[in-house]
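Shared between the two complexes below is chain A, which pairs with chain B and chain C, respectively.
Presenting the complex of A and B:
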C-alpha cells in the first residue's frame, strides 16, 4: 500500500509571487515533487485546493495589512510545519522601505480616496507574528535551496542552507573579487550565501538579496564602501533594498542617514 | 648549482608543445575578469602577455607593461590548490532501487598536469599541502592521484608586489626545489629568453628535446638582476623570529578585539590561502530518497558551522575566529606539521575586502606584548 503523501500548501502575503514561481521553475523536479508530496494548495499553479490541515506550508510575502495579520494566524493553525520563503517573508521585503517613512503620507499622495486603504505602518516578516519552523532567504529564493528544504522535510532532517558569506561561493566558483580587482562596492561579505554568487560572476557587486550572513560586520564593509567612493546617501540605498528591514542592514543604513540629508 | 641553460622564447613555446605531446594538461596563468588566474592553457597565447598586477591591502589592478613579458606579474587570487585540492569534489554516490542500496565511488582524478609558471612561494605551498594530505596518518587518495603525474615549470620572480613577503618566510623569491624546470624570464637587448636549470631527470629529459644553449655569464648576470629586483621590491615584511611563541603568549592581547572590529569574517583569506586545506562534507539527496551524493567543499574557520558541536559553535566571536586562523597559520601549524603554514605570498592581504594585513597584526602584537597568562578561550592546534 502506498504511503500517504504529505500535503503541501503555498500561501501568499504581500509579495511579487517570484518565490512561488521558483517552485514552478523546478521543471525537471516537479514530477518527482508531485510524486513525493501532494500539492494541496498552490493558487499560482492551480485554482483547485484540497482542504487542510497541511503537513508543510510555504509562506511567501510580508504582513502589511490588518487582514494579513489575521490570516497568517489561520495559516499557522492549519500548518504542521511552516516555512517562510523569500526576503518579504523573512525580512519584510522591499515594501519594508515604508518602515523608514510615513506610510500615511504615501497613501495620501497615491490614492484619490485614502480612506479606502487599510494598511499597516510597517511591513514585517512572518516570524514577527507566528512561530516559524524554518526561514529560507532570497529575493527570490533559489530553487535548489527550495528543493533542499522540501527534501529535508520529507527525509526528516535539517536543511543545508549555510549562513556564511557569499564570498565563499564566489571563491569556490573561481570568480575574481569585484571589490578588490575593480573597486566595485559589493555586499557579498555581509550577505548570506545561497544564490551561488551570481552577480559577481557578471562583474556586478552583490545586492544582498539573501539578507545578512550569520555574523555580519556591516559597519566595516560600509566604511570600506565609503572609501571606494560611495556617498552617505548611496550607502543608505545600498543597505536599503529587498532586506531593508533585516536588523544588520537596517542598522547600517540608519548609521549613514542624517536628519535632513537623505539626498 | 646545476648547469644553467638558455631557452629562447620560441623554445619556450616548444616546451609547452612538448609537454602537451606527452599528455600533460597545461595549467597556468591567464587573464580573466580583471585578474591573472590559473586555468587550463591551450598554448603560449593564453599567457598574460604584457600584463602585470599592482597589489596592496584590499586592492588588485591589472595594468599594461611596456614589454611583452609572459610572466611579468606576481601572484593572483588563485593558487595551485585549485588544481590538486579543488573547491568542490563529489566523493561518492548512493543509489537505492529494487536491487537494494549501492555505493558508487567517484573515480580518482587521472590527469597528468603540468604547472606552468609556479612561483617559489607556490612551490612551498604545494609542499605544505603535500605534508597535510600525503604525509600524515591518513593519505588523501584523491589528492595523491591528482599530484601523481605533475610536471612543474617554475618561473623565478623578477618582481614583487607590495603585498609580498616571501623573503621574511624563507620561501622565496628564488625557487630552489620542487620543480622539474625553473626559468628566469629575461627581456633585454640580447633578446627575450629564459635562463634556467633542471631540477629533476624528468626536467632534463624534456630539456634535451628542446633547442637550448649553455648560459653565458651575461645571461646569469641578467637573471641575477631579476632576482635582486624581486628581493628589493618585497613590499611587506613579517618578523617571523619567535612568532610561534609570541602569538601563544598573547592570546588575550587587545589587538584581537581591534582586528575583529575590522574583520568581516567573510572567509576570503582562507579561500585564497594556498595552504588552507579545510573542507566540509555534505550529502545531497533527491526528493524520492533514491539517490544521494556526498560532496566535499572548501570550508573556512571563519564560519559558525566550522566549530559547531552539540550545543552550538565553539568560536562564536569574530575575534576568536580571526585569532584561530592567525595562530594556526603562524604558530600551531608548527605543532601540527613542524613548520609555519604561511609562505608569504600576500594573497590574504590583497584579497581581504577591507585589506587586513597579517604582517601588521603581528607587528602590533610584537610592539606591545601582553604578559603571558591563562587564555580565556584556548586556541586549538587542529583546525
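Presenting the complex of A and C:
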C-alpha cells in the first residue's frame, strides 16, 4: 500500500508573492514534487483546498495588521512543521521600514480616508508571534534552498543551508572581490550565503537581501564602507532595506543615525 | 427566491489575496465588489527620502511576479527626471529582459492559473494528470522566460542587474548565445500555445469598454510610446495624472482608476492587442488570425489566446535581439544628479504601469506615485461581473461562482501589486 503523502500548505501574509512563486518556478521538479507531497492548500496555484491539519506549512510574508496577527495563530495550530520563507516572514521585509518612522506623526499625517485602513504600526516577522521550526532567508528565497527544505522534510532530516557569509560563495564562484579590487561597498562579508553570490558576479556590491549571517561584524564593515566614501545617511540606507528589521542590520543602521556615535 | 449571494472568501490562482462578492436581489444584480484585501505596504511612503538609484530594487518588491515591470518604469521615470536617454544595445537588452518577464508571467498565467478553468480542473497539477504534454509545454515556456531573466537579470525573481542608466554588467555575445536554442524551442511551443488556447471552450461575453495601452511608432509596446485609448486619447506619460483619476473606496485596499470622459477603462493584453495589432511581427499576426482573433477582441475570456499571441511575439523579439546583439561600450550611461520630476509608463504583462518621481539636488526621492495595472482594471472587472451574472442568473450556484472566479482570472489580476502601492495621502484640514 502506498504511504500517505504528507500534506503541504502555503500561507501568505504581507508580501510580494515572490517567495511562493519560487515554488512554481521549479519547472523541472514541480510535477514530481506534487507526487511526493500533497499540495493541500496553495491558493496561488489551486482553487481546491484540503482541510488541515497540515504536515508542512510554508509561510510567506510579515505581520502588519491585527487580522494577520490572529490568523498566524490559527496557521500555527493547524501546522505540524512551520517553515517561514523569505525576508518578510523572517525579518519583516521592506515594509518594516515603517518601524523606523515616527509612527504617531506618520499616522496623523496619512491618507485620504484613514478610516478604511486597519494597519499595525510595525511590520514584524512570524517568529515574533508563533513558534517557527525553520527560517529560510532571502528576498526572494533561493529555489534550490526551498527544494532542499522540502526534500529534507520528506527525508526527516534537518535542512542544510549554509550559515557562512556571501564572501565564501564569491570565492567558490571565482568572483574577484568587488570591495578589494574596485572599492565597491559590499554587504557580502556580513550577509548570509544562499543566493550564490549573484551581485558581485554582476559587478555590483551585495545589498544584503539574505539578511545577516551568524555573528556578523557589521560595525567593522560599516567603518570600511565609510572609508570607501559612504556618507552616514547612505550607511543608514544600506543596512535598512529588505532585512531592515533583522537585529544586526537594525543596530548598524541605527548606529549611523545617532549624531555623536563613532563609525 | 428573490435574494442570492455569491461570495468567494479567498480568490485562488491569482497573485495576492482578494475576495469576491456579488449580491442579487429581485432577479437583478444589486451589488458587485472585488475586494482586494492584501494588507497595504505603503511603498510610495517608504520611497520618500531614499536615493533615486534605489527605486528599481525597492519597487521590484511590490510584485514578485512582475519585478521587471517595476524596475523598467522606475528607471525610465528617473531617466526622464534627469534628462538621460538610453539607446542602442542597452535599450535592446532592456527589451530582452522585458520579453523574459512577459514569457514567464504569461506562461504562468495561461497554463497554471487560467487554463484549468476552461477544462474544469481546480489546478494545473491535476490537469497534468490527464494532459501531461500540455502542462509540460507550459512549464518549458515558463522556463525559457526565466532563463532570460536569470542570464540578464541575475535571477528570476527580483533581478539585481537593472540600474538607472542601464545595467551593472552587460553580457558578451557568447554569454547570450545559449538562449538562442532555447528560444527556438520556445517559438514552437508558443505557436502551439496559440493553437491550443484557441481550441478551448470559450464562453461568450462582449466588453463595451475603453481600452488603454502604450503605442510606439513601429514596435509592439514595452518600454516606450504614447498612452493611447480606443476613445481617441493620445498623451505622453507626463500627462497621465491630468487624465486619470484615482478614488479611495471603502471595501478594497487598492485605489480605483477612471479616465476622463470614459469612466472605467481596461489595460493589459486585450488593450495592447486591440490598439497595437498592426505592430505585431508577421508570425504573431498570422498566428492570431489563424486562431480566429479579429482586429479587435472584446471577449475577456479570449485574453488567454491574446496572451499566447504575446508570448509568441516576445519569443520572436527575444530571438531577434539575441541574434543581432552587439555588446555596448559601457554597461550604463552616466547619470547626473540634479533636481527633477520624471514620468514613465511601461507595459507590464498585466498592462500599463505608471511611475512618477520627484527628486532633489542630492538625489533623494521627495515624492513617488505608482499606478499599477490591476488597480486600473478593478472597475472594469466589476462591470464585467455585473454583466455576466445578469445574463446567467439561471446557472447553478456552484457553476456561477466558478464562472465569476474565472472572470476575475481573465484579467490576470495582481492583487499584491494593486494594494502594495496604496498611497498615503496627506489630508490636511
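Heads up, the rule we're going with is that the second predicted complex is superposed on the first by the 248 of 263 C-alpha atoms of A that agree within 3 Å, B and C clash if a C-alpha of one lies under 4 Å from a C-alpha of the other, contacts with A are read in each partner's own complex, and residues count from 1 in each chain.
Note that in this section a residue touches a chain if its C-beta (ideal position, glycine included) is under 8 Å from a C-beta of that chain, and two chains touch if they have at least 3 such contacts.
Everything numeric in this text was worked out from a predicted model, so none of it was measured.
> Can A:154 be said to touch chain B (first), chain C (second), both, or neither?
Only chain B; A:154 stays clear of chain C.
> Should A:188 be classified as contacting the first partner (chain B), the second (chain C), both, or neither?
A:188 contacts chain B only, not chain C.
> When both complexes are superposed, which of chain B and chain C contacts more residues belonging to chain A?
C
> Which of the two partners, first being chain B and second being chain C, lies in contact with A:119: first, second, both, or neither?
second
> Where does A:203 make contact in the superposed view: on chain B (first), on chain C (second), on both, or on neither?
The answer is both, since A:203 touches chain B and chain C.
> Based on the superposed arrangement, let me know which partner A:163 touches: chain B (first), chain C (second), both, or neither?
first
> With the two structures laid over each other on chain A, which partner does A:224 touch: chain B (first), chain C (second), both, or neither?
first
> Share the list of chain A residues that count as touching for chain B in one structure and for chain C in the other.
Residues 203 of chain A touch both chain B and chain C.
> If we count contacts the way the header does, which residues on chain B are in touch with chain A in the complex?
Listed in rising order, the residues are 32-35, 37, 58-62, 76-78, 82, 87-88, 261-268, 271-272, 282, 284-289, 297-298, 300, 302-305, 318, 350-351, 353-355.
> Residue numbers of chain A touching chain C in their complex, please.
12-22, 24-25, 27-28, 30-31, 34, 39, 43-49, 64-65, 68, 93-95, 97-98, 101, 106, 109-114, 116-117, 119, 123, 139-140, 143, 195, 198-199, 201-204, 207, 209, 234, 237, 241-242
> Okay, in this complex, where on chain C does chain A touch?
10-17, 38-43, 45-46, 50-51, 54, 57-58, 61-65, 67, 108, 112-113, 122-126, 128, 132, 135-136, 139-140, 142-143, 146, 154-158, 160-161, 163, 167-169, 248-250, 253, 331, 402, 405, 414, 416, 420, 422-427
> Flag every residue of chain A that touches chain B in the complex, lowest number first.
Within the complex, chain A touches chain B at residues 29, 32-33, 35-37, 147-148, 150-151, 154-155, 160, 162-165, 167-168, 171-177, 179-183, 186, 188-190, 203, 213-215, 217, 220-221, 223-224.
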